[in-house]
Structure formats: structure tokens, C-alpha cells
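Two complexes, one shared chain (subunit A), two partners (subunit B, subunit C).
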Partner chain A sequence: MKININRDTLLKPLSAVNGIVERRHTLPILSNLLLEGSNGQVSLTATDLEMQISMSVPNETGDSFATTVSAKKLLDICRSLPDSSEIKLADQDSRLQISAGRSKFNLQTLPSADYPTMTRTPNTQLTLRMPQNAFRQLLRQVEFAMAQQDIRYYLNGLLLEINAEKLHIVGTDGHRLSYISCDLGQSFEKQEVILPRKTVTELIKLMDDSEEEVLIEISSNQANFTFNNIRLISKVIDGKFPDYNRVIPTGHQNKFEINRVMVLQAMQRASILSNEKYRGIRMVLGANSLRLISSNSEQEEAEEELEINYTGDPLDVGFNVTYLIDVLNNIQNEKVEFAFADANSSCLVTVPDNQNYRYVVMPMRI
Partner chain B sequence: MAGIIVAMPIQLLPDVLISQIAAGEVVERPASALKEFLENSLDAQSTDIAVSLQQGGIKSLRVADDGIGIPKEELALALARHATSKIASLEDLENVASLGFRGEALASVASVSRLSLTSRARGERHAWRIDADGGQYSALQPAALEGGSIVEMQDLYFNTPARRKFLKTEATEFGHCEEAFKRVALSRPDVGFQLTHNGSAKWRLPSSEASKRIGAVLGTEFAAAALPLDEQGGALRLWGMAAKPTFSRMGRDAQYVYVNGRFVRDKLIAHAIRQAYQDVLHHERHPAFVLFLEIDPALVDANVHPTKTEVRFRDGQAVHRFIFHSLHKALATTAGTATTAAPLIVAETASAPPTPAFQAQPYPTYQPQIPLRAGEGQNFYETLFGRSTPLPTGTSEGATFADIAVAQAVQSISQELPQDFPLGFAIAQLHGVYVLAQNKQGLIVVDMHAAHERIMYEKLKTALDAEAIATQPLLLPLSFHADRLEVATAEEQGEVLADLGFEIAVLSPTTLAVRSIPAILADSDAVALARDVLRDVREYGGSRVLTERRNELLATMACHSAVRANRSLTITEMNALLRDMEATERSEQCNHGRPTWFHLSMADLDKMFMRGQ
Partner chain C sequence: MEPLPANHSPRRIAHLDMDMFFAGVELLRYPELRGLPMVVGGRSIDAPRVLPDGTRSFAKLRNYVGRGVVTTSTYEARALGVFSAMGVMKAAKLALDAVLLPADFNAYRHYSLLFKQAVSIIAPEIEDRGIDEIYIDLTQHAEETHALAARIKQAVFEATGLRCSIAVAPNKLLAKIGSDLDKPDGLTILAPEDIPARIWPLKASKVNGIGPKAAQRLASLGIETIGQLAQADPKVLLEHFGRSYAEWLIDAANGRDNRPVVTRSEPKSVSRETTFERDLHVRQDRQLLTDALTRLCDRVADDLKRKGYEGKTIGIKLRFQDFSTVTRDITLPYVTQRPDDILQASRECLKRVRMVQRLRLLGIRVGGLAPFGVGLEQREAFQQAELPF
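Up next, the complex of A and B:
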């Protein structure tokens, strides 16, 4: 096998698949990527056994081959070579020789037959198409609420629920929950899957802001995404996601609208002096006024006062400020609305110009 | 098939057989018989007790005392089952103050060995002796004895070969006898004890003060590292000696707890002690201590097990709290305050295994520096002493005599002041790891990371203790399967749980739901945490699980915020560290129980250099 490829052409798929390669492995082949050439194209595949990303790029050398080589080292080499340099790859006696200009590298390879590729399940139950910028935007608005390494494994991911003409996406870590929905324009049978955390973050990283479509294929134990020459196969989390409808409150009477950036900046300032471990902040609501008060264990205090349009009950509610900053950072709209029932029940954050978005956060008793 | 059941009428068992069955519980090995004999001697108000053993006590075990003795007519009864002079009614049993009371021991021992009991009660003309051979009693014979009693057990288990097989080697059995002897000897420093084995004297303990007896039995190292303790609280008193956490053991061998003079191994007490040491001891090490708990006999039940090593307290939670607080207070000493501070002697530290944290972190090879020296103010002492005006340097022309007098006075103060700081003043930093300081007695070496870590940790703890507990209600309550005891605790102790920052609701007789948890632990496994807390609340009336978890978090934070090795400190910074150590509780150990500093006195150094020899 021998191929010639431009450094820039190779670098793009190489960095795309590298994201899921774990550095430390008990299985050495998992730190390798699968390099395949056939039919005028080169394709690269990486997997962590939970998900797999492959990306192919056209390349004139029609040599048919397959081998595996350390993903990290190949990426480092390509990245540090000068722009647009021509790279020659040659496979010899279980070694991959890379040469570009006067540089030469020999890498160990492992047989491609041993590479644990994931196969797509043939029984796809549902197929969706939507512009990738739209899908990416949906994910970005909810992904921050996912749990991280929670023992409730089903929370370490996003729920994708397709019901009739709607797609609902939900993330929660047990303390706060984010929800978004969108219209699909055609009716589907009810279907729900939980996408693992890593899949979600990789999708956000790999999709771009273009109108180009992403093809989403969902089956009971797998989700496949196809876009920009990338094919991502992911296992789904086998579990029952909590009933989000019961958690999202309705009919909260005490509400106010506020400029998102303004309240975000005030909170960021107040959070400097919040307790560094549990980050408590108090929202004190009075007639047309919102005060944000925090204090830390060294008795230092911060207070921010904001003018709002508020006629509801006076309230004094404590929150983990990180949960509030998170939501304000991850939505892009100009205004947000906060709605409360009382100091002990959950707070609902909505966006006036997007009725499909909801964020629920539990108060904290400080 | 339930084996062969021979039909036999129900009948009362012969006395000897009953005693032999009882012996299975009471007389497990020679050491248990020795314990019973020694306790009898102490109950007989003896002031001197001599023990002699042959072949680890298996061949012969003899205890001679100078107590009140047993009158002739009671001698035969003494060996009978359920015969005792220590209690007479149920009221006596409830208020029992003597070590024994069951009236079983001698009968049990007599049924499985050749026992002889010689005694001369006060006022009698001569002693009498009775022999028992596997439960067969001889007639009384006159004997010669100055006073007190001698009980001699020979050939233990000669008539029950099955049990004899369970006896270990002579050395092991002697070890057990010696341990039993030590336990009793520790409990009564006012009584003299002697132990001989195979004719050679092993222990000779004249009657003395408690602290001397403890030192004699547990070794001078223990005595040097031990903190004396004496706390009174209501009807309870706890006194004794607890070794500093740096004197910890790999095993539980140096742990002695007495309740009203009786050695016990009690779960509740052990738990309280463990908690008191929790913050300062490495979790794989065991503390060393000799503790005496005095409590109204009516509030404790020793009649739990024939060997009486277990007790039951009427109010276990109060005892637990009292022990924990007394010990915790004693252990919260600050660096340099204890008179016997830092008992590390060079020869011993050399043999001690190196601490693993630094083993894994070898020192970097030394990189010589360009000799560019920034001038370090030599008058840092002055800033430390808070003096703002500089000293007049020498007698310049304008200086009056008064000025000079003041200057001399101040100078003499500053020469004396270092004595006032137990950890002295920093001289230098060694390889970016240790701070060297000198105090009046000699050299102090401080592990700066360990010391600073402890200081930060204590600060974080005090800061958080001052605040109310913030609770985080859960958006998704966590329900879990619970047993009846857990459900009952959640129902009954709702308030206690709320004080701890927990809200646990009962959903059904077997299901509980965690609705809110303390905010600081919001990221932990709520169900496991709730279970631990429920168990603690049930058993000890309060929970330290939360404090422990919280402290783990704080310890990690402290570790990250403490100065790392290889960070060079200025003299002023080092002095500030020393002053902080003197002001911080428990600053003698780092969060993992390793020592933070040790002391080399001038005498120790002189010895190393063989000065003046």
C-alpha cells in the first residue's frame, strides 16, 4: 500500500476522529485508528467501543488497503508538518512509514482485522433529517444540564423523544433540568432514546453552522448520525429517563422578564463572593426590584440590585449560582423570564421569544 | 435425615457436666482462667498478687494473693456452681461493683482441670486446702499459709481431650496469659503484680501511680507520646492516657478500655474512639490508648456475656458523645504546647518506614543557581515583634543616654523573645520541602506542605462550622428500597435528619425517598449517603458521616490550596507558617496523620557529634 495525500486533506478527518480516542487503555488497539483506502477515497475510523466516528476524504490514489496506527501520534505528526505538504504513507512489515519532504517517521501498526469496529444495526426504526445548524443549536441549549458520571447512569446523557410531530430533547442532573422541543413537520411514532454524554459533545463539536442536513437514524439500541462525510455510530443508554413533564412546573404566578446579559453579568459578579463549595446566592424579589446577595465563609458579601418589572409576592430564594449562570450562558436570546411559586418550589426559566424552551432549577435552602 | 436421635428421657444434667458446658464459655484457654483468678484476688482486696505459670499455663497456673481469704466452712462452697460472696440479690446484681458476680468461674475451671484452693481467712489459725480433680472434690485438709489465698490449676482439659486439642503452643498460650495479666495490671496500679513463667520472672510491677504503671506495662515510648486525659461529665468520668496520633500502630494491640475497672471490648466505645481519632489518624493505622470510664454501676450492665468483655449502657448515646468529646478535646493540641512535644528521637526515625507520599515524589536533582542574591531584610524579627521604629544603630552623636537605655532594653527583649515561641524562628528552607527553624532548645524541622495543609484544613472547617447547613432539595427525589429499621428511623428522627440537612420521606413501609441533601454534598451518591446517615442516627443518635464526608472534601481543597514542595518561601513566610502552626489545633499531624514537624534538641545533636564525651 502506498498513498500520497495532502497534509491539509488528512488533517481534517484526523482531528475529527481523534476526539474519542482515549489516551490510556488496557486494550492497545483502541488508541489506534483504522486507516482504510479504497475506491478513490481514504477513510479514518476511531472508536471507544461506545461510539465510533468515521470520516472519509477523496484521494486520487486508488490503492486498496487497511491498517491501524496510533491516532495521537499520527495527528501530532500531521499537525506539525508544514501547511500543504505532500505526505506519503507506505505500509511495510507492520510499520507505517510517513514521509513528507525530508521528514520520515516509522510507526508501529496493528492488523486492521483486529480493529473492533461497530456495525450498524439493520433495523432502523426512525429516520429524521434536519439542517445540522438547527440540530446543533437544539443540543447546545440543553446539553449543559446533563449529569456527569452520576450513578443514575440514565442521567449521563440527553433524552431524545420523538412523539407525533415533535422532537423533545431533555437533560437533567437531578438538580436542574433543561428542555427544548421543535416541530418536525411530519408525524412519527413515539420513540425515545438516551444519547450518551460523549456522543452529544462530539456531535456539537463535529457539526457546523451550515444548512446541510444531518441524517439521524434511530433504533432501539443505536443512534446513527451522518453529515459532512462523517458517520457517527453510537450506542444508546439503556434505561428509563425520568418523566420530565412532572418536573416542569406550570402556573407559577410570580414572574419577571429581564435582560439576559445584564442579569448574567450581575450574577457573575455576585458569585465571586459566594461560598466556593456550594455556591449559594440569594435572589430577593421586591416591588420592581431584584437583589442578588451572596456571602462566603469569610463573611465577605456582595449585593447587586437590578430594576425589573415585578408586582408579584416578595420572595427570598436561594440558588446554586452555577445552575443559573449555566442557563444564561447557554441560551442566546435577549430576554429571559424567571417564574416562581414560593421560596421552596422549583424556579422556571423561559425565553419569551422561544416558547419551546424551559429550564427548571431547584432552590437551595441557605 | 437428621442423623441418629437416641430416644432419651428429659433429665437434669449432673452438676459436673453443667460446669463443663459452662467452662466452654468461660474457660477458653489458660488465659481466661488466669483472668478469673486475678479478678477474684482483686475482689478479695489483695495488695500483692503473684502469678506463676508452667508451660504457658497449660501445665500449671498458680495465683497467690494476700487478700482476705476464704473461711474454712465456705471453702468447699467456693468451688460449687453459682456460689458467690459478691452479690446476694437482684438489686446487688444491678449495682454490682465487684469484677465477678456470676459464681461460675471456679466451678467451671474445677470441672476441666486439677484445681487446688488453699486459703487462710483473717483470724484463722491456719489455712485449709481443698482439691478438685475434674469436678471431684476432696475433703478439707489443713495447710500452711501466711495469709490470703492460693489457687492452683494444673493440667487444664486433662479430662476433655477434645478441647485440649484447641490449645496452641506454649509460647502462644503464654502470650495470651501475659496479655490477660497486663490488662488486669493496668486496671489496678495500686496493687503490686508479679508474673513468672517456667521459673523465670517476666514482670514485676510494684504498686505505683497510674501513669507509671501504664509506662511500665506499655513501654516508655507510649508514655512519652501519650496525652494525659481526665474529663468529668455528669455521672461519667473518663481518664487515662491516649497516644498522639503520630504514635499509631499497625494493629490494635495497644488498646485498653476499662469500664469501672473491668476490661471491655465494646463496639460503641470503639466507635467513639475511632471517630475522635478520625481526623488526625491515617485510616489504616490504629491508635494506642489506655482509657478508664467510670460510670454509675446502675447505668451499665456487665452481665451480657460470661467473660464480661461486653457491656450494655442504659444511655449508650450519651456515653458515645461523652467519650468522643473528651478524647477529641484531648487530641486537639496545638504544635509545641505539649511538654513532651515531638518525641522523635533520631535513632528511631531512622528505623521508621519512610512516608509514602514523599517516597513517590523524589527530590529533583539540584540545579545550581546563578548567585544573584536579593537582599533579605535582616530585621524581620522587628516586623514580627510589631516594633515600628528602627533601632538606633550604635551611639551616634545625637543619641541621648535614654535612647541607648531603650535600645538596650529592646535588644534584650528581642534576644529573649524567641523562647516564647515553641517552634522558634525559621533559619532556612531545605530542598524546597522542609523548613528549618531554631528554638531555644535546638532545631525544629517542619514539613511545610503537611503543616500548611493542616492549617488550611482547620481554617476551612471552622469557617464552615460557623455557618448553617445549606440544603439542596432534589429536582428528582431519589426513592430507594429500605428495611423496616431504616423506615422507622426516618419516621422517628425527622428532626435530627433535618438538622443535618436531610429530608427523607417515607413513601411506603419499604420505600424511602431522599428529597433534599446538604448542599455541600450535592454531587455525592445521595442514597448511599442517606443509608449511612440513617444507620448512624439509629445507632449513635447523631451522625458524623456527613461531617466526615464534608471533611474529606475540605481536606482535598486544603491539599490543593496548601503550598507545594519546591515552592521557595521567604524567611518571613516561613515564620508566619510557624506562628500559624502554634495557633492551629491538631497541627502536629497533617490531614493523613503524618507528623508535621519534629524536634532535635541541642543535647541530641551533641550526642550525634559525641561532643563532651
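Up next, the complex of A and C:
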């Protein structure tokens, strides 16, 4: 094999696939990426056995080839070469020679036949298309509530549920839950999968703000995403996601609307003196008033008072302030609504101009 | 553990070790076995049967088929080469006619409590080192050492009918070595000046803390005895064992040990393990493995409940067909003693092991223990409610 490729052309797919390469690899070849060339394009593939990202770029190649080489080293080399360098890659005697200008590198390779590529399952059960900026926006509004390394492994991901004409996306760590839905414009049979956390974060990273479509193909054990010359294959989490409908409240009577940025900033200030470990903050509601009160283990205290339009019951409810700051940071709307039943029940956060969004957070006894 | 100040008056630390404890307890029940080779380590089906004439019929090693290990053997069996931790089948080859008895831990625990109570009446500063051994701090005791040690031995015998060996030394390390010098029914007193004559000729592996691997590495450096270790070039030790272990080796060989007698110790972990009747295949024997795992988790949870602890680090131990052993653990964000939590966490750990061989042994361990309720109080202060799914 011999190819000539512009550094900037190669850097894009190289950075795109590098995100999932395992640093602590159990299988040495997993720290490599698969480099293939044929039919006027070069494609790069990386996998961690749970998911796989491939990206191809158009480039004249002499002949078809395939090899695997250390992802990190290839990326470091390309990154450190001057912009727009012309790079020559040549495969010889299980070595990959890289040259650019007066720089030469000689890298070890492993046979491409040993690379554990994931194959797409043939039985796609559902195919969706939507603008990638729209899909990315949906994910961004809920992904922060996913659990991290929870032993309830099915929480370490996002639920994608397609039912009739709606797509519902839900994330929860057991303390708070974020939910968003959107209309699909056509009816589908009910289908649900749990996308692993890493897949979600990679998708958000790789999709851009364009209207260009993302093709979503779902089967019972796999989810495939195709966009911008990128193909992402992901296993899905085999488990039963909890019934989110049971915890999204409908009858909370004590509610008020407030400017999102204003309450966010007040919470950020109050959080400075909240308990470092538990991050507790009290929301104290009285007639037309919201006070945010926090104190830490050194008995230092903070209080913020906000004027609101509120005629409900007086309430004093504790929360982990991080859970509230998270939601306020991840939605963009001007106003938010908080709704309560009493001090022991959940708080429902909604946005008046988007009926499809819900965030539920459980209180913390302080 | 706080090291003691350097200028303290010499301590008097005793190590008391029950002589062939499990076998001893069995002999109390079956006195007709006295003087015969006998091992404890069978299963309940090996329990003696009472014959119509009132005499008892005992299982013999020659008939044993299984994978148990010897937990204790009488001195008569030891004379034939049968020691604890040996596979029972292997022991059978050495002592065909030895009597085999099932282990009865309830009985051993009962006698363990009896002997510890008896000692505590005379000397209450006791560090519990397991079912059949304790350290006793006698420093504050007015009585002369030999008479005091003899009185403790007598008290143990009167309470249990069992003999023990005891050594009194300036520290735990020497006391532990000493109690083994004059077994059974021994009474040894060691002073620092006895070290060259009585300790240095011993094999290095007699030091509690020099295991088989370290002993082997020492031997490869030409160091066989504790005396040779004491004379060894510290630089060489440093090079082969790393700083902290090398320093400890030198201290140990010179009989230096400042560890206090810890009278009230909190358990560090609770564990249970089981060796399978035959090596199990991860897929073909899935149901058996699942059952074993569930049972182990239930038992560990019971142990935690009985002892009044909960823990946050859940670990598994697997031993494969070829005896290679792996462990994995996971730390939960909360403490628990619930069997479901332990089971769920063990499953997570299991996922992280490559199952390339059949399994011989499975174990579950819960560490990071806190007395039950302490975690609860912490949670009371800031209790995050869960979504009511």
C-alpha cells in the first residue's frame, strides 16, 4: 500500500474515531485502529468491542489495503505535523512508514484480519431519519441525568423509546430523571433500547449543528447511526429500564415560573456554601418569595431571595443543588417552571414553551 | 496502629495457641479415638454412626472421595505426614486407616468462647486472632511471668479440657514464634537475649509474615534461617523486596516488633467461599453457579447481620481448574448488608473476569465495613430520596 493524504484530511477521521480507543486495553489490538483504503476513499475504524466508529474520507489510493496501527501514536504524529502537510503512508513488512516533509516515522502494525470489527446485525427493526442537530439537541437535554457506573447497569445509558408517532428519550440515576419527546411524523411499532453512556457522549461529540440527516437503525441488540461519513455501531444495554411514567408527576399544585438564568445564578452562589459532600440546599417558598438557603459543615451560611409569583402552600424542601444546576444549565429556554406537592415528594421542572420536556428531582432531607 | 514510644519498659506479650484445636474438641466427644490418627475435614455424611450395640462407627480416610481439605489432624496423623490444608484425598494416601470426622464449627466456636473467657478472667487485655489463638498483653500484670503463664494454661484446661501452648515474649512477633517451639502443651518464655540461641536457628518461614513466596526468594539469596536474615546485607534485601518489606524483614529477624495488642478490633471484611464438588463450566453449569452465588451472598449477608456490620466493597474470588485465582471488587456508593445488593455487585464483578476455564471455587467478600447504623445516621443527616419507580 502507498497513499498520499493531506494531514488535515486525515486528522478529522483520526480524531473522530480516537475517542473510544481503550487506554487500558485487555486486547493489545484494541489500542490500534483499522486503516483501510479502497475505491477512492480511506476509512478509519476504532472499537472498544461495545461500540465502533468508522469514518471515511475521499482520497485517491493506489490499491486496496488494510492494516492496524496504534491509534494514539498515529494521532499524536498527525497532530504535531505542520498544518496542510502532505503525508505519505506506506505499509511494508508489518511496519507502517509515515513520512511528511523531512519527518519519518516507522510504526508497528498488527494484521487487519485480527481486528475485532463489530458486524451489523442484519435484522434492523426500525429506521428513523432526522436532522442531526435536532437529534443532538434532544440528547443534550437529557444526557446529564444518566447514571455513571451504577450497579443498576441499565441506568448507565439513555432509554430510546419509539411508540406510535413519538420518540421518548429518558435518562435517570435514580435520584433525578430527565425526559424529552418529539413527534416523528409517522407511526412506528413500539420499540425500546438503552443506549450505553459512552455511545451517547460520542454521538453528542460527533454530530454537528447542521440540518444534515442522521440515519438511526435500531435492532434488539444494536443501534446504528450514520451521519457525516461516520458510521457508529453500538451494542445496546440488555436490561429493563424502569417505568419512567410512574415517577413523572402530573398533579403538583404548588408551582411558580421563574427566569432560568436568574435562578441558576442564585443557585450557583448559594451552592458555594453548601455541604461539600452532600451539596444540600433548601428551597423555602412563601407568598411571592423563594429563598435559597445553604450551610456547610463549618456553619457558614448563604441565603438568596428571589421575587416570584407564588400563591401556593408555604414549603421548605431540600435538594442536592447539583441536580438543579444541571437541569438549568442544560436547557436553553428563558423561563422554567417548578412544581411541588409537598416537602417529601418530587419536584417537577418544566419549560413553559416546550411541553415535551420534563425533569423530575427527588428531595434531600437536610 | 500507633507505634509505641522507643523508651517504654519491656512488654510482656503472650501468644496462646490451642493444640490441634478442632481435633481436640472432637476427642472430647469421642474419647475412644484418643491415640489414633484422626483428621477433621469431612462432610456431614462422614459423621460417626451409632451402632446397635451402642459403639460408634467412624468414617475412614480410605473411603473418602471428594475435594475437602484437612482442617486439623491429631499428632498421630501428623506423624504420618498429614497436615492441615492438605486435600483429604491426598491425606488418605498417607493414612488409609485414619479416622475422618466432619468439621463442626458450632462446637469449635463454643469451645473458642470458653477458652477466651477463661483467659480474660486472669488477663483481660486480649487480642482475638481467630478461633484458636489469642495474644495477651501481660505487661500490667504483677505476677511473675512463668507462674502467670502456667496459671492461664491451667485455667484454659479447666474450662475446656483442652491443652494449649503459650509463649511470653517482649512482643507479638516473638511470642508467636515462641508458642510453636514447645508444642503441644508448651510454655516458653523468651527474652531479647534468647534471640540468637533460640530464634536465629529457625527457618525464616517461621516468622509470621514470611510466606512461602518470600521464603523462596530469601532461599534463592542463600537465606534459610532467621539468623542468616538478621546478618543479611540490608542493601540486597532492599533491592529484592522493596523498602518497606525489607525494613520489616530486618526488624523481624532481630526480634523487633512494636505492634500493640489490639484488644477491640473491628472486622475488616466478611467472606464466604465454596469449593465445588466438581469443576463447573460457566455456561453448562450456569444454574449451579447461579445457585451457589446466591447462596454465598445470602450467607455473607447473614454473617453481616449477625455481626452487626454493613460494607461497601463487594468482592468476588474465583479459583479455576488450574488453581489460578482471581479477585475483583467493586465499591458501592453506600454501605449495605442486603443480599440483593451483594448479589448485584458480585455479578458486576463477575462480568470483569474472562472465564477461560472451569471454576473450582467461588467466594464472596464484603469489606469496607462500618457498624450497622453508622451509615444510616450519615444518611439521616442528608438523605437523598430515591425516585419511586
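In this text, the second predicted complex is superposed on the first by the 365 of 366 C-alpha atoms of A that agree within 3 Å, B and C clash if a C-alpha of one lies under 4 Å from a C-alpha of the other, contacts with A are read in each partner's own complex, and residues count from 1 in each chain.
Keep in mind that, in the parts below, a residue touches a chain if its C-beta (ideal position, glycine included) is under 8 Å from a C-beta of that chain, and two chains touch if they have at least 3 such contacts.
None of these values were measured; they are calculated from a predicted model.
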Is the arrangement of subunit B and subunit C around the shared subunit A a clash or a fit after superposition?
clash
On the A-aligned overlay, A:172 touches which partner chain: subunit B = first, subunit C = second, or both, or neither?
both
Just to be sure I read the superposition right, which of the two partners does A:18 touch: subunit B = first, subunit C = second, or both, or neither?
neither
So, A:247: does it touch subunit B (first), subunit C (second), both, or neither?
both
Which partner does A:350 contact after superposing on A: first (subunit B), second (subunit C), both, neither?
neither
A:153 contacts which: subunit B (first), subunit C (second), both, neither?
second
Touch check for A:298: first (subunit B), second (subunit C), both, or neither?
first
From the options 56-64, 92-100, 146-154 or 200-208, pick the one stretch of subunit C whose C-alpha atoms clash with subunit B.
146-154
What is the shared patch of subunit A, the residues that subunit B and subunit C both contact?
151-152, 172, 174-177, 242, 247, 275, 277-278, 280, 320, 344, 346, 360, 362-366
Per the touch rule above, subunit A residues touching subunit B in the complex are 151-152, 172, 174-177, 242, 247, 275-278, 280, 297-298, 318, 320, 344, 346, 360-366
Would you mind writing out the residues of subunit A in touch with subunit C in their complex?
26, 151-153, 172, 174-177, 242-243, 246-247, 275, 277-278, 280, 320, 344, 346, 360, 362-366
Help me check something: in the complex, which residues belonging to subunit B touch subunit A?
460, 463-464, 466-468, 470-476, 478, 516, 519-520, 522, 525, 553, 557
Sort out for me which residues of subunit C touch subunit A in the complex.
330, 332, 341, 344-345, 348, 354, 380-389
